[in-house]
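Listed below are the structures to be examined.
Across the two complexes that follow, chain A remains constant while its partner is chain B and subsequently chain C.
This part shows the complex of A and B:
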C-alpha cells in the first residue's frame, strides 16, 4: 500500500520533467524526422509534402556539404590534438607550480569562461589591421603585418584561436588526472631507478590515457560542431572556405530556406555520430576486457 | 507531504509563472529595428501618435524590439509560425518577397507619394502591392579624403605619377579628376595611386577599402559597379543575365585592386565596421560605404584622424550611368495581427508628412522628396543628399525584391568571394552564379 503510494508520488513528481522532455526534445525530433523526408519551406511549415529521400540525395550530392564536412573534420581533429598535446605538456610541466599556487590554475581557466561568439568578436578587433593591438605592434617593430584572415591564412588563424580558448579545458582534466596518480606508484618507480622521462612515458602517461582519450573525444566533438566564433569572425569564409557543418546547416535553413536539406544534413550528422559513439563504446569495452 | 499538497504546490507555482509571463500585448504592438537611430526615431513617432487626441486607447501603440543579431532569421521563424505577438513589424526591401506570404498589403495616406516619392515607395512593394510604409532609406556614398584629393589635383608631380600608375595597371595614362566626375576607372586609378604597394610615397597605406567578406550586404555595396556597366540580375523577359560583360568587368576590377593591395590584406573578411575603422584611422583615401556611416566618419570626436577632411559624393559612373543601390526599411502588417484595424491606422499615419518629419527630426533616415526634406534641411542636411541621390541614382536589381532575393545575394557573395580569393576562375564563378540564380528565380 505504502509502496503504491510512493510509486504514485514518484510518477507525479517525475511527470513535469518527462512532459518537458517530450515537448521540447521529443516533439522537435519527430518533426525533424518528418521534415527530412519532406519538401518543406517557411511557406508550408505546417503542411509539408512528403518527398521520400530527395533531401538526403540532394545533401549527399552537394559539394558544399562535403566541403563543410571536410572542414569540420579537419578542424576538429587538429584542434583536439593541439589542445590535448599543449594541455598535457602544461599540466605536467607546470604541476609543481600549480601545487604551490593553485590560484594560477583559475587564471588559466579564464578563456573558457568567455562565450565563443564573444571570442570571435574580440579577435575581429584584435586582428584588425588598423585598430588591433597585434598588427599595431607588428607594424611598429617590423614595419609590416601579415594577413591573418586572408584566404591562405584564415584556417590557421581559426585553429590558433580555438586552441587558445580551449586548451585550458584539457589542461584542467590532465592536471587532475596527473594529481590522481597514487604517490606510491611514483615512489616505487623511483626506487626501481626510473628517471623522469621514463617515469612519464611508462608510468604516468599510461595511467592518464583514459582521461586523454575522453578529453580528445570531447574536444573533437566541440571542434567538429564549431559555429559561433568562426561565424562571427569570418562568416562562411571567402567562397565558403570556413563553412563548418553547423554553419552549412544554419545557412541552408535560414538563409536559403532549404529546410528539408538542412534537417536532412543534421540527421546524417546525427546517425554518423551515433554509429561512431557505439563503435567507440564497443572498442572501449574490448580494450577494458583485454 | 501528501500528494494533494504536491498538486497544490505545483498549482501555485504555475499560477505565479502565468502571472509573471501573462499577456503584455498592448493595443497595437509594433516590432521595430532595435538599437540604433531607427529605434529612437520610432519611439518618438509612436509617442507622438499615442498623444494624438483622436487615437483611441484601444489603438495606442506599444513598441517591442529583439536583438539585431539574426533579426531577420528570427522574424522569419516567428512569422512562419503564425505569431500574433505583434501587429506590425519591420520589413526590408530585400526580404519583402520572403515575408509577403505572412503579411497583409496596406493602404498609405493619399499624400504618401508626395512625401516619399515613387522610387522610395517602390522599395516597400512586392508584386505590385504596397506591403510597407518606408521609414529608413539606405544607399551608398563615395567617401573620400578631401585633403588628399585636393593635394593630388594641385600637384603636377603627383599628377604625372598618377598617369604612370594608371598606365601600368589600367593600360591608359589618365589624369586625376574631382570625385564628383569619377568613373569607376578614375576611382580605381586613385585607389592605386594612394596605395603604398603601388606608390611607396603615398600618404595613406591603402587607396581604398573594399568590403569583400562573404556576406550578402557586401554584394549590395558591390553591385552599383556592375549596374553602371549595364549589369542586371534578369533581363526584361526574366532570364538570368548575371554572366554579362558588365559583371565580368566589375568583378575583375575588384580583383585587380585586391591583388595590387590597393585595399587592406584582410579585405576578404571586411564588412561595414572593419571598413569604417580602416577609413577612420586615416589610412584610406576613398571608399564606397553605406550612408549610415556619414555620422561617425564626419564626427571629429569619433574619428579624429580624419576630422574635417571627409567629403561625400554619389558613387562613380560607368558607361551606362551613375547608380547607387537603394533599399528601405519600413513597417508592414502581420497577417495574424490581433488588432488589424488599429495597426492599419498607425501605418497609414506613418506615411503622412507629419510622421515622416517627426521620424526625421529624431534620428531616422527617411528618403523624402525635395519639398518635404526642405523642412528639416537645417537640422538634417544629410537627408537632402539622401533624397537627392535616391531619386537620381537609386536602383533595385530586377528580382531584387523577389522571395529568393536574399538567397541570390548569399549565392553571389559565396561565388564572387571565391573568385576574389583565387579559389575559382571568373568563368566558374559566373557559371555557378547563373545556374544557382536560375534555380532560385525561375
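This part shows the complex of A and C:
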C-alpha cells in the first residue's frame, strides 16, 4: 500500500526529467539510427530511403575518419596522462600551501573557468609570430622560435594547450583525495617509521588509486571528444592532421553535406562510448565489492 | 631544510600559476596596449596603457555587436543554469528518499556527462529546424540544459541525502502533500546546493561553444562564438587589441564567479568523481 503510493509519487517526480531527455536525446537518437541506415541528403531529409549499411561502409573506408579517430585517441590518452601526472605532483607537493591558504587553489582553478574556445582564441594571439609574446621572448632569449601551428609542431602545441588548461581539474581531485586520507593512517605509518617517500608510495598512493582512475577516465573522454580549442585554433587546418572525431562529424555535416557519413560516425562513436561505459561500470562494481 | 622546501613549494606554485594562466594574462596585457604598441612591442609590459580597445570593442557596428552576444549568452546560460534544477530537483528527491531509479535512471543520466553530445548534434539541428528553434536563445538554452543535467542531478541527490529524513516524515504526518514537502521543506534547506548548482551550471553554459556554433547564425549568437567574429579580418586585418579586449570581456563573468565561489565550485566540479 505504502509502496504503491510511493511508486506513483516517484513516477510523477521523475516525469519532468525523463520526458525532457526523451524529447531532446531519445528522439534524436532514434533519428540518428534511422538516418545512419538511410540514403539521406539535405533534399530528402523527411523521407530518407533505407540503404542498409552503405553509410557505415563509406565511413569505415574514409581515411579521414580513421585519421580523426587516431587523433582523438592519441590526444585523449596523452593529455589525460600528462594532466594526471602533473596534477598529482602539484596536489601532493603543494598541499601544505593549500592547507594553510585555501584561496591559492582558486588561482590555479582560474584556467578552467575560461571557455576552451576562448583559450584557443587567446593562443592565436600568444603564439602569433609577429605580435605574440611567446615567440618574441623565444627569439630574444634563444634566437629562434618554432612555428607553433606548423604541421610538425601543431599536435604538440595542442597537447600542451589542453594540458595546461585542465591539469587543475586533476589537481583538484587529487588534492581532495589526499586530504581525505584519515590522519590515523598517516600516524600509524609514522609510528612504524615510514619516511615520507615510502609513505607516499606504499600508503597514500594506493589509497588515492580509485580517484586517479576516475580522473584519468574523465580527462580521457574530454580529450577524446575535443572540439572547441582545436577548432578555433586550427580549424581543420594543417592538412586535416588536427581533425578530432567531433570536428570530423561537424565538417562532414556542415561543410561537405555528407549527412550519411556524419550520422554513421556519430553512431559508431555512440556505440563505442556505450561499450566503454558499461565495461567501466562493471569494473567499478567489482572493485567496490572487493 | 623545511624552510628551503617551503621556498621551493612557493616557487613551484608561482610558476604553475603563471604558466597555466599565461594566455589570460598575456591577453589582458595586450588589451591595454595601443595598436601601435602591439606591433612594436610584443613583450609583457605596457608602456602606454590605454582603454581605447575596450571602447572600440563595445562599439556596435553593422557586422559586430558585442552587447547582443553578451545578452544572448546571458539569456541562454540563465536557462541552462535554472532549467536543469527545475527538472532534476523532484527526480533527485525520488532518488535520494525512495531509492527510485538508482539502478537505471540515475546511472544513465550521470553517464551522459561522458557522452560526446556531438553525437546528437545532427538530429537536434534538424529537429530545431522543424520546431523553429534554430538561432533562438530558448533553443540554445535547452541544449545547455542537457549539458548541465547530469551534474545537477548528482549534486542535488547528494544534497537531499544529507537532510535528515525526520524532517519530511514530520511534515507527512501533518498531512503535507509531496509538492509542499519538496518546495517548502526540502528546497529551503538545500538552498546552498541549489545556488552552487545554478552558478556552476551558468559557468558551464556560458563557456559552451559547439552548439552555439551549430545552432545559431545571427540572432542568438553567444559570446564564445561572437568573439571569434572579431578574428575574421575586416579590411585591414585583425585588430588584435580589440580582439584581446573582447576576449577579456567574454571571459570575465565566469572567471569572476569562479574566483568568488571557488570553494563551492570545486565541490561541483568533483561531484560524482569522488562520491559516485
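Assume the second predicted complex is superposed on the first by the 267 of 290 C-alpha atoms of A that agree within 3 Å, B and C clash if a C-alpha of one lies under 4 Å from a C-alpha of the other, contacts with A are read in each partner's own complex, and residues count from 1 in each chain.
Keep in mind that, in the parts below, a residue touches a chain if its C-beta (ideal position, glycine included) is under 8 Å from a C-beta of that chain, and two chains touch if they have at least 3 such contacts.
It should be emphasised that the depicted structure is a prediction, and the values quoted were computed from it without experimental measurement.
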Legend entry - Partner chain in contact with A:228 - chain B first, chain C second, else both or neither: second
Inset, instruction - Look at A:148 in the shared chain and tell me whether it touches chain B only, chain C only, both, or neither; answer first, second, both or neither. - result: first
Inset, instruction - Answer with first, second, both or neither: which of chain B and chain C does A:188 touch in the superposed model? - result: neither
Legend entry - Dominant contact partner of chain A by residue count, chain C or chain B: C
Legend entry - Contacts of A:279 with chain B and chain C, given as first, second, both or neither: neither
Inset, instruction - Once the structures are superposed on A, label A:8 by its partner contacts, choosing first (chain B), second (chain C), both or neither. - result: first
Inset, instruction - Applying the touch criterion given at the start, work out whether A:130 contacts chain B, chain C, both or neither, answering first, second, both or neither. - result: both
Inset, instruction - Report for A:32: first if it touches chain B alone, second if chain C alone, otherwise both or neither. - result: second
Inset, instruction - Tell me which partner A:257 touches in the superposition: chain B (first), chain C (second), both or neither. - result: first
Inset, instruction - Please work out whether A:50 is in contact with chain B alone, chain C alone, both, or neither, and reply first, second, both or neither. - result: neither
Legend entry - Doubly contacted residues of chain A, that is, touched by chain B and again by chain C: 9, 12-13, 16, 45, 124, 128, 130-131, 254
Legend entry - chain B partner contacts - residues on chain A that touch it in the complex: 5, 8-9, 12-13, 16, 42-43, 45-46, 124, 127-131, 146-151, 154, 233-241, 251, 254-257
Inset, instruction - State the interface residues of chain A toward chain C in the complex, per the touch definition above. - result: 6, 9-10, 12-14, 16-18, 20-21, 24-25, 27-29, 31-32, 35, 45, 90, 93-94, 96-97, 102-119, 121-126, 128, 130-137, 164-165, 167-169, 172-173, 176-177, 180, 211, 214-215, 217-218, 221, 224-225, 227-228, 231-232, 245-246, 249-250, 253-254, 259, 262-263, 266-267, 269-270, 273, 277, 281
Legend entry - Touching residues (chain side chain C, partner chain A) in the complex: 6, 9-10, 12-13, 16-17, 19-24, 26-27, 29-30, 38-39, 42-44, 86-88, 90-91, 93-94, 98, 100-101, 105, 107, 109, 111-112, 114-116, 118-127, 142-143, 145-146, 149, 153, 178, 182, 203, 206-210, 213-214, 224-225, 227-228, 231, 240, 243-244, 247, 250-251, 254-255, 257-259, 262-263, 265-266, 269-270, 273-274
Inset, instruction - Flag every residue of chain B that touches chain A in the complex, lowest number first. - result: 3, 6-7, 10, 70, 73, 76-77, 79-82, 98, 101, 212-216, 264-266, 268-269, 273-274, 277-278, 280-281, 283, 404, 406-407, 410, 414-415, 417-424
